[in-house]
Structures are given as structure tokens and as C-alpha cells.
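Below, chain A partners chain B and then partners chain C, in two separate complexes.
For the complex of A and B:
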């Protein structure tokens, strides 16, 4: 299996799916001649031409709505958001149209469309450019929300998203694009809605997704040195949540820590806690802990930015807390 | 001078306008009786704006509208009973009672919906037109919106792309002079909406929206222009709604005098007078049409009234497409009539053969800008 960067894995998925189905097109700012703001669409314009790799004006609401309309009549658009921060301008089209078309039409319409782009903190970009916004969209029935952490999942899930008959929102980590991993070649499709045990363990389950996964793995390695066996469950899909996988892991380890880059209030992690406490309360040996972004806007200053986000030491502290080993 | 229009066409227009009028009057009545709830925006006064274009278009041209959306589907041939059932929240409605008055969808007749967010449907229409171009089909898309919607950013973002990419879409602004209670002249820097097209180098024209033949001609012409690949068109239909914004609105923001004056321009008697003057039909013909339509609308109300509410398990349907799930064909489900359904080419059949921005053109532009030597 070749080693690819996260962005290359996405590029491969796009190219393969566009090859396979001429209804698939990519639209977004700078996706064509500039080869993508984060180089995900590198080389695709030359391969597929300007009708299928479309450089859009800076009009997020407009080109998003246009693509929802195209999906209503059978095309399969992939809409690249330069980052999810700017997709806030397109939220009306995603939420009020894409998510609701099937419902409002009583099942007459479908809307097979993918909205994708980087989410989460950038490096020292202050508050308008550093937001993990997936929880906002996970709130809406009619949408699927995915946030793969590894290059292999990025490829497999993007392929699944493009083939899905529903609107799928894909949150890529802005700071994940350059990370490398082994990616299966060709037909590698990762089903949506399935979490993945990325590391087996027996003492505590850490539940996470996207970039936080790497901090969790780092924490797990550190804790292993102290003889603590950590299971890391990568949710991958945030809507629908894989309840079965969450419950299975918690029933095995009896302790859980949820790690989320976004704000805690009304976050995805809050729903995971709800699932655990309502369906596996008797299996718990300790209250569930959450490590989330601080309830503040992101600062530019390096020390403030770091303090705002979860990291391995914070995760280690939370794990020790659920093991009642605080300060140990 | 002899009429350039056939008797069949003119009488069909009359029948459709009368149907919409009658249907809306009955809908208003049902609202007052408490059988229709929510918002119910009647189309009374604006019938010509729906009927002229429908007659000028092909049945497979796409159409979509805002929340004042009963008129267009009725003009296109939707089942009046199923529209009424939708208004009453019954399981036999087009959207199984999940959409209501503001969200009529009838894909069989290529009516792609009514939308409740002011201006939100404007980009969708450009996308449908984009799909036609992408697939090399010569369909046009017609999108209705109100005068107030013209101030939404969605319109401006969309016009820019539609014009730049020469999308076959006809935008029909129904300028009934008010957005809810606010007169367009109070909130628009340029109250003549058609002029906004010029900012995007797009064709824009005013049309007499109280004259069904003027609407017919304008859309016929615009559709030809679109099909020839010349780009989008904005038509501003100057019209008037005789009733309030919705059934909940007593419309106290305009004078009785104004409404009375406008009612003199009622498009339905106007067409009737024209047909009579041409000697194509006399009162007996109109009376027969009216009787037929009255019976049809009575039947529609009865059908809706007697229809059951949707079953509770419908709550869990139509949110996410499950694997292998078939789409619902409403007329088949409700009336047991076999219907045709749009079939889109699969990826293998489709060849995308055009360019949005031909390479040579792009390179020439770069050269001119000094980016390439």
C-alpha cells in the first residue's frame, strides 16, 4: 500500500469517482487553475476540463445553492468550501434546502451532493478562521456529517460520500492535509455511519474524530508507558452516530473520555455522553469526561491559541480522572 | 385584425386562469374554516404571470417558485385535489402533507417546488439550468420570485454566475409591488427590478403581468434565447395581488382605492373580452368552462376533505434516502395512475463535451493580462 498525504488521498478519491461517473463535478473557489487552496484538486482541471472542475466566484451561498439545484435533477456535485468558516455564508442553502428537499417534497426529490473542505483550527489565524463547526451541522436531520482522521479513511469516505444519495458534509482537518498514511489503491470505500476502533485497549475508551485523533493516540502511547491500556474509538461519522460501536467499547472498558476540538456546549460529545448514560449507565465505573475546546474565541497569540485547544496532556489528565488516578 | 393565437390556446389560457382563481378562492374559504393552517399565500390577481409562461414552455422545462406556489403547478396540470390535500395537511397531498401550502412539489410535471426562504430558490434554478447545459439538453428552467426577493444576496450571486456561464434560466420577478406590508418603492434603491440584470450583462425586460398574452410572448421569446445558448433572462412581470400577503394579512397598508383601481386590470375578464372581441367564443363557451372548473374545484375540496391525515410512521420517512429506496410517485401513490418520471443519464452514458471556460479563451485572457508571455 502506497503512503499518501491526506490531500493526495482526497485527490485520488475525487479523480476516481469523476472517472467512474460523469455526473460528478467539483466546484469551489480556486479549485481549477490554482489547483485548490489546499491543493486537494491538484491536476484535476487538466484531466477533466472546466465544465467539471469549476472555478467559482467568491459567492458561497450562490455556488452552493446552484449545486443543490444541480443535484435535484441528477448531477452529483462536490462543493469545495475553501474552509468551513466561509460555508457559514452558505448555511441557508445547506440547511434550508439540501437537508429538507426530500422531506418537503414527500420523497419526490433526492439531493446527492457532497460539501467538503477544511475545518478546525488553522495555525495562528485568529477567531474567524479557526473554528471546528461540525457540531452545527450534525444538528440537522437530512444531512450526513463525516470527519475522517486518516488518509485511508479520507479516501474511502469521500468515495462513499460521492456515491451516497444524500447530502454529505465532510470536515477535513485543515492541519491534516500534509499528514501521511497508507492508502489502499483503487476501489476502497469506507461505509458512512461506522466508527472504527483505531487502537484496542481495556482500561478506558477515548472517543474522538478528525485531528483530535492524533492527540488521543499520542496520549494513549504515553499512558501505555504507565501501564494504562487505552482504546481509541474514531467516530469518523458524526451523523448518524454509530451507537453500537460507542456502546460496545464502553461496555468493554467501563470508562470513557470524549475529545472534541469544538466548543463543549451543545457539542457532538454531549450527544455521545447522552447515548452512554442512557444506554450503558450500569456499565460505567466513572462519570464520562469531556475534553473540548475552551468556551472562548480563538486568539492569534501562540500561547493563547494553544491553551484554547485540547492536547495530549489535557487528554491524559482526563483519562487519569476517570481512572481515579488524579495527581497520581 | 385576426388574432395570431388559436382559439384552443386562448381558451386553454382562460381555463387555467379561471381554475387558479377559483381554486384560490376556495383555498381562502377553507382557511377561514380552519381546514388550512399555517401560511397560505393566495395568487389571486397574478394568474396571468403563471399561465402565459406555462403555455409558452415545453412540458419538460423545469419550473420552481417561492411560497406563493399554487398557481404554477395548477397551470402545468397538477392534480387540483392533491394540491388541496397538501394545503389541508393530508396524506394524499403531493408531499404527503409534509410541505403544506408553501412547498408544493410535482416532479412529474417538472415543478420543482415552492420555497419558504425569500430568494432561496434563486440559486437552485441556476443549478438546474446548469445541469441541462452539463447534459447537453435544451431544457430551460423558469424561476419565480417576488419583488422583495430581488434584494437578497442570493439573487446577485446567482445572476453573476448565470450570466457568466450563459445558463438557460428565465427568472420571472412577480412584482406585485409589496413584500408583505412593505412597498417595493420604500426599500429598493432601484424599484424597477428588471434593471438589475444590466449589472450582470444579462437581458432584462419589464412585462405587463396583468396581460397573459404579453407574458406568453415574453417567455416564448426568452425561452428561444435561452435554448440558443445566449444566456439567462430576467423578466419583471408587473402585477398586483388583490388579496393580502397571506390569509393572515388584512392588508391595511394599502388603500381601498388602490385595490379597486388595480382590480380594473383583472387579467381574467381582460382575456375574456379579447377572445369575445376576436369573435372566437361567446359567453356560453366561457360559462361551460367555468362550470367545468367549478365542478373540478368542488371535487378537489371534497377529495382533500375526505382524505386521511398522513400515518404517523411517515415521520420517519423522507429524511434520508435509505439504500435501494425507491422514490415516491405521488399520483401513482394517491390516484393509482401510472406516471412518467424523469430519468437522468447514468455516469457511463453521459459525455460532458463543453467547457465553461475554454482553455484557449482562458489563456488568451491571461496573455492579455500579462500573466503569460
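For the complex of A and C:
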């Protein structure tokens, strides 16, 4: 199984799906001649031509609305947002049109469309370019929200998203693009709505997604040295949440820590806590802990940017707290 | 059917009103809208109108009497109509004229009323728990003096009752047969609730029917349980330990429930002692001996380091009333305190002279006599605030605080100012003795002008006493002891005593209290004055 970077895995998924289905096209700023702002679409213009790899002007609302219309009439657009921060401009098309077309047409219209792009902290890009906004979209019925952490999941889930008949939003951690991992070749589709136990453990479950997954794995390694067995559950899909997987893991370990890059208030993690406390209350040995981004706008300075986000030491502290260990 | 005219609410703050004048008299025709009475509220005088046509059948609240808002004050109805017997009880809020010394001579209310549910049509007569003191709300049946089936004549003592003050006998007011005992020995009953039923003489004994009012719950035994706990379900819901909530995580509770483990026997290692999963696992690993399912009998020797649980004993009737009254008195009655030192040389001599004559007179007897005479001379201290009236007593009745094991009682020595020292001495002794036997009659501990509380025998130099309402003052007397004092510019050793007067400032001012104390000191320092 070849080792690919996250961006290469996405590129592979796009290419495979465009080859498989002529209705699939990619649109976005700099996706064509520039080969993508983050090089996700590298080489695709040469391969599929400008009719299917479309460079859009800086007009998110416009090209998003155009693609929603295209999806309604049978195409399967993939809309690349240069970052999810810019997608806020297109929010009306995503939330008011894409999410609701099937409902408002009484099932007569479908909207098979993928909105994808990088999110979260970008590495000294300051507050307008460093937001983890997935919780905003996870709020809306009619949308599916995915946030794969590994290159393999990125490939498999993008393929699944393109094949889905409903609008799917894919959040790619901006700092994940260069991460390498083994990626299955050819037909590798990861079903949406399924979480994945990335590390088995018995003492505590850490529930996370996207880039935070790596901090969680790092924390789990550290804690293992102290004899603490950590299970890491990668949600991968934030809407719909995989309740079954969440409950199964918590019932096994009796303790949970949720790690989320975004802000805590009204975050996805809050909904995970709700599932746990309402359906696995009798299996809890400690209150559920959350580690989230600090409730501030992201700083530009590197040290402050890091301080704002969850990291392995913060996760370790939270794990020890739910285990009632010293130093918590 | 007779319709009540109720005391209306005529101002936002009005809770009761006084009938100043009836504008209609019994038998008068009344039309809707007619003014029937004039009422004095807390704000003004207003007329009450009738809302119905009819005849004024009965006036329940007389002129000058009070009635609570909403209480019926009269009935109107058809001409010649009779008002139901049950409706006739006039609900006067406060009696028009308060007797300063209630003498509840006939303690038991007439026990002739049939309970509503006595089986319908039988001839059973309820014997009710009487009110035997002004503060009594419930009583405990100490002993039944008659048993079921016994013949009872009016006047026969049927049971002995422990009140908050003393033990008294309950008499029957009817002839008959004791058909049913409702409240057993050592059980409590509220005042007015039936404690037994008589079958009237000549009537067929009715089957024992239960009264409508639920039988009062038996008082829980005060003695700590020494027997092992009865085979309790093994920690079915082990969330409580002797009323204390056990902190445990949900999963710890779940496992404990499944394994039949008593959570109270597991010490928690989580925050604030929360029992967590690992504590349960460790307890289970130690085996059943270490994690007993049933609670240990309290009699078992506590493990070293385990602090013994305190014993909980229910309040005695007397202590309950003391507790309730003291919490009412201290914030309710604004106290002020005056203290004097009294030279007791002369008084001590009187005592020694009496002793030489084989007469037993204590320092306390001298004080009681002096207090009584000082009260006689300063009648402004002989008052009581009752409701919105100041009651001025015209006899001097001195209360003497007597400490009992269960609490405190203050029997009253009547007309103490008119009694000689010997009579006071024997009277006080006799009252104290009967107080200790709990044999005082209600009239022997109610009313009174002032109380003397003496802790001198315990070596207390000075203290402050809490007023025993409805009295308005209490004198706290300390020990007589030799002290260095200045007499005529010279240091001298004298027998001194401290007396502190607590006064109800609502009715007694500082000057009145001071004058009283000055007189008291004069009487004690010159005891020959006690003779005149």
C-alpha cells in the first residue's frame, strides 16, 4: 500500500471519481492552472480539461450557487473552497439551498454536491484564516459533515461524498495536507457516518476528529508509558454522529474526553457529551471532559496560536482528570 | 339553607376585623346591599353589606369581638330556619377580653361529638386527646387505665397522658363501655383527635370502625437499635447511608447494584470521596468479607479509626416546646438587661437565724420573697403584652425555674408577696418536687408575674436569662460569694450576689426595671423590710 500525503490522497480520489463518472467536475479558485492553492488538484486540468476543472473568480456565493443549480439538474459538482473561512460568503447557498432542496421539493430534486476545503489553524494565518468552523454546518439538517484525519480516510471519504446523493461538506485540516499515510489503491470507499476506533484501549476513550486526532494519538502514547490504556475514537463524520460507536467505546472504558479544535460553546463535542450522558449515564465513572480551542480569536503569533489550541499536554491532563489521577 | 356572612377583606393588609356594631339584629329582615355591621379594620371603620336576601338568623361574632378575614360572622336564611349545629362555632380571632391567667380547669373538651366516620348510626362516643396546657399540640398515651370492654363511668380516669409539661389523667365524660382504643400506649395523638371510642350505655356495641382521621403515627422508639438490621435487601439502592448521600459514579452504582455490594461499605477514592469503578473492583477483589452486602449491626465494635455515629434521640415533648418557644421568644421579644450587685450579708444572717430556729429557709426563698414584695411595690413590672393589649396583673405570682432532666419548667408560687418566708420555703419546695415528678397541674405553671432563675448553686456568678412569655421579665440570680468591696472608703469583704433582670422592652422601660431592682436590692440588703 503506497504511502501518500493527505493532499495526494484527495487528488487520487478526485481523479478516480472523475474518471468513473463524467458528471463529476471540480470548481474553485485556482484549482486549474495554478493546480490548487494547496495542490490538491495538481495535474487534474491537464487530465480532464477546463470544462471539468474550472477556475472560478473570487466569488464564493456565485460559483457555489452555480454548482447547486448544476447538482439539481444532474451534475455532481465538487466545490473547492480556498479555505472554509471564505465559504462563509457562500453560506446562504449551502445552508438555504443545498441543504433544503430535497426537503422543499418534496423529494423531487436532489443535490449531489461536495463542498470541500481546508479548515482550522493554518500556521500563523491569524484569526480570519484559522477557524475550525465545522460545528456551524453540523447544525443544519440536510447537510452531511465529514472531517477525515488520515490520508486513507481522506481518499475513501471523498469518494463516498462524491457518490452521495446529498450535499456533503468536507473539512480538511489545513495542516494535514502534507501528512503522510498508507492509502489503499483503487476502489477504496469509506462509508459516511461511521466512526473508527484508531487505537484500542480500556481506561478512557478520547473522541476526536481531523487534525486533533494526531495530538490525541501522541497523548495516548505518552499515557501508555504510565500504564494508562487509551482508546482513540476518530469520529470522521460529524453529521450524522456515529452514536453506536461513541456509546460502545464509552461503555467499555467508562470515561470520555472529547477533543475539538473549534470553540467549546455549541461545539460538536457538546453534542457528543449529550449523547453520552443521556444514553450511557449509568456507564460513566466520571464526568465527561472536553478539550477545545480557547474561547478567543486566533492569534497570529506562533506561540499564542499554539497556546490557543488543544495539544497533547492538555489532553493528558484531561485524561488524568477523568481517571482521578494525581496531577490532574 | 343558611348562608354565612363572612368577614370581608377591606384592605390589602387586613387579616382580621373587629365588629364595632351590628346594624341589624337577629330576626331582622335583610336585603342584598343592606349594611349589616360596622367593622373596624387595621385602617378604618367600614360597613359590611349583605349579599343575599333573608333574615338574620344568627350573629356569631359579637360587638367588640374580632374575626379573621373569611370567617363567618353571621348567618342569614329563611325566616325561622335553624343554623346547622356545626356552623355555630364562632371563629373569634382573639377573645374580646383576654384573661390574664388562663386556668384550664376542665382540660378535656366535651368528648360527646361523634366522629364523622364512626360507622354511621352507631352510638359510639369519641374520647379525644384534650388540650392540657396552653402550648400543648399533641400528647402521648403513657398508659391506658381501662381496657377494651371495660365499663366506664363519667369521671373515671381512662388513660394517663404525657403532655409537654406533665403527666395527667384523662377522664371520661360519659357512661358506657370502652369499645375501641385507637391510640396505643407510647403513641402520640394530636389535640382533639379521637384516642378511643365509648359505646353509650344501653346501646349495642358497634363493630370497631376506624375513625376518619388517620391514626397518628406511633412515635419511633428513642432507644438505639442494638439488634442486627433485619434481613434487608442487599443494597438495592445503596445511595443513602444513615440519611447521608453516598457519592458514587453512575457506573460504580451500577456494578454495586449488580453485585449486591453495599456502597456505604466502600470508601471512595474519587473527588470528595466519590466511589468510582476501581474502588468497587478493589472491594470485590477483597472478597465478600471485606464488602459485606448487609450493613453491620450498629452494636458491633467500630473499626479502629472509624468515628462512632452520633445517637439520634427524638425530642421529648417538653424539649420540643422549649425549642419552639425559645426560637420564638429570643427574636420575637426585644430583651434588655439590667444588672445589680446585692450585698447579701444581712440576708445571710436572716437565713442563719432561721436555721437556729430549725426553719429551712434558703437564699432563694429570701430572693423569691424580696422579688414578690418589689413587684407589689412596682406594679409596672407586673405586666404582660398579649396581642395588642397590656395586661396588668393584680396578684403577685412568682415563677421558679426548675431544671428537669428533660428540660425546664417554671411552677408558679401564687400570691408570693402575701406569704411568709416559711410558707414560701415550703411552697417552693413542694412545687419543685412535683415538677420533678412531672405531676404539676396546668394551672400551676401557667400565668405568673415574673420568674426567678437561680444558678447560684452551680457557682455561676452572673448570667442572663431568656424571658418566659407571656411574662415580661425574668430575674437571673448568681451565687452568693465573698468579694472585696469598698464600704465607707474602706476595703471590706462582703457576701455579694449578682442579679440580672431581663425585660420585655415593649412593655417595660429601663427606668421601671431599674426602680424595681433598686427596691429589690433595698429589700435584700435590709431584710427586716421583708416583714412590712
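Odds and ends about this structure:
Everything that follows uses one rule, which is that the second predicted complex is superposed on the first by the 326 of 328 C-alpha atoms of A that agree within 3 Å, B and C clash if a C-alpha of one lies under 4 Å from a C-alpha of the other, contacts with A are read in each partner's own complex, and residues count from 1 in each chain.
Throughout what follows, a contact is a pair of C-beta atoms (placed from the backbone, for glycine too) under 8 Å apart; a residue touches a chain by one contact, two chains touch by 3 or more.
Keep in mind it's a predicted model, so treat the numbers as computed, not measured.
Once the two complexes are overlaid on the shared chain, A:243 sits clear of chain B and of chain C alike. In the overlay built on the shared chain, the residue A:67 is in contact with chain B alone; chain C does not reach it. Once the two complexes are overlaid on the shared chain, A:311 sits clear of chain B and of chain C alike. Of the two partner chains placed around the shared chain by superposition, chain B is the only one that A:57 touches, whereas chain C remains out of contact.
In the superposition on chain A, A:324 contacts chain C only, with no contact to chain B.
Once chain A of one complex is fitted onto chain A of the other, the partner contacts of A:285 are limited to chain C, with no touch recorded for chain B.
Set against each other, chain B and chain C differ in how many residues of chain A they touch, and the higher count belongs to B.
Chain A has no residue lying at the interface with chain B in one structure and with chain C in the other. Of all residues in chain B, only 62, 93-99, 103, 105-107, 112-113, 115-117, 120, 122-132, 134, 153-154, 157-158, 160-161, 164, 317-321, 325, 327-330, 342, 344-348, 350-352, 354-359, 362 touch chain A in the complex they form.
Here chain C touches chain A in the complex through residues 249-254, 269-271, 274, 276-277, going by the rule given at the top.
Looking at the complex, you find that chain A touches chain C at residues 254, 281-286, 324. Considering their complex, residues 20-25, 33, 49-52, 54-57, 59, 61-75, 92-93, 96-97, 101-110, 141-142, 144, 165-166 of chain A touch chain B.
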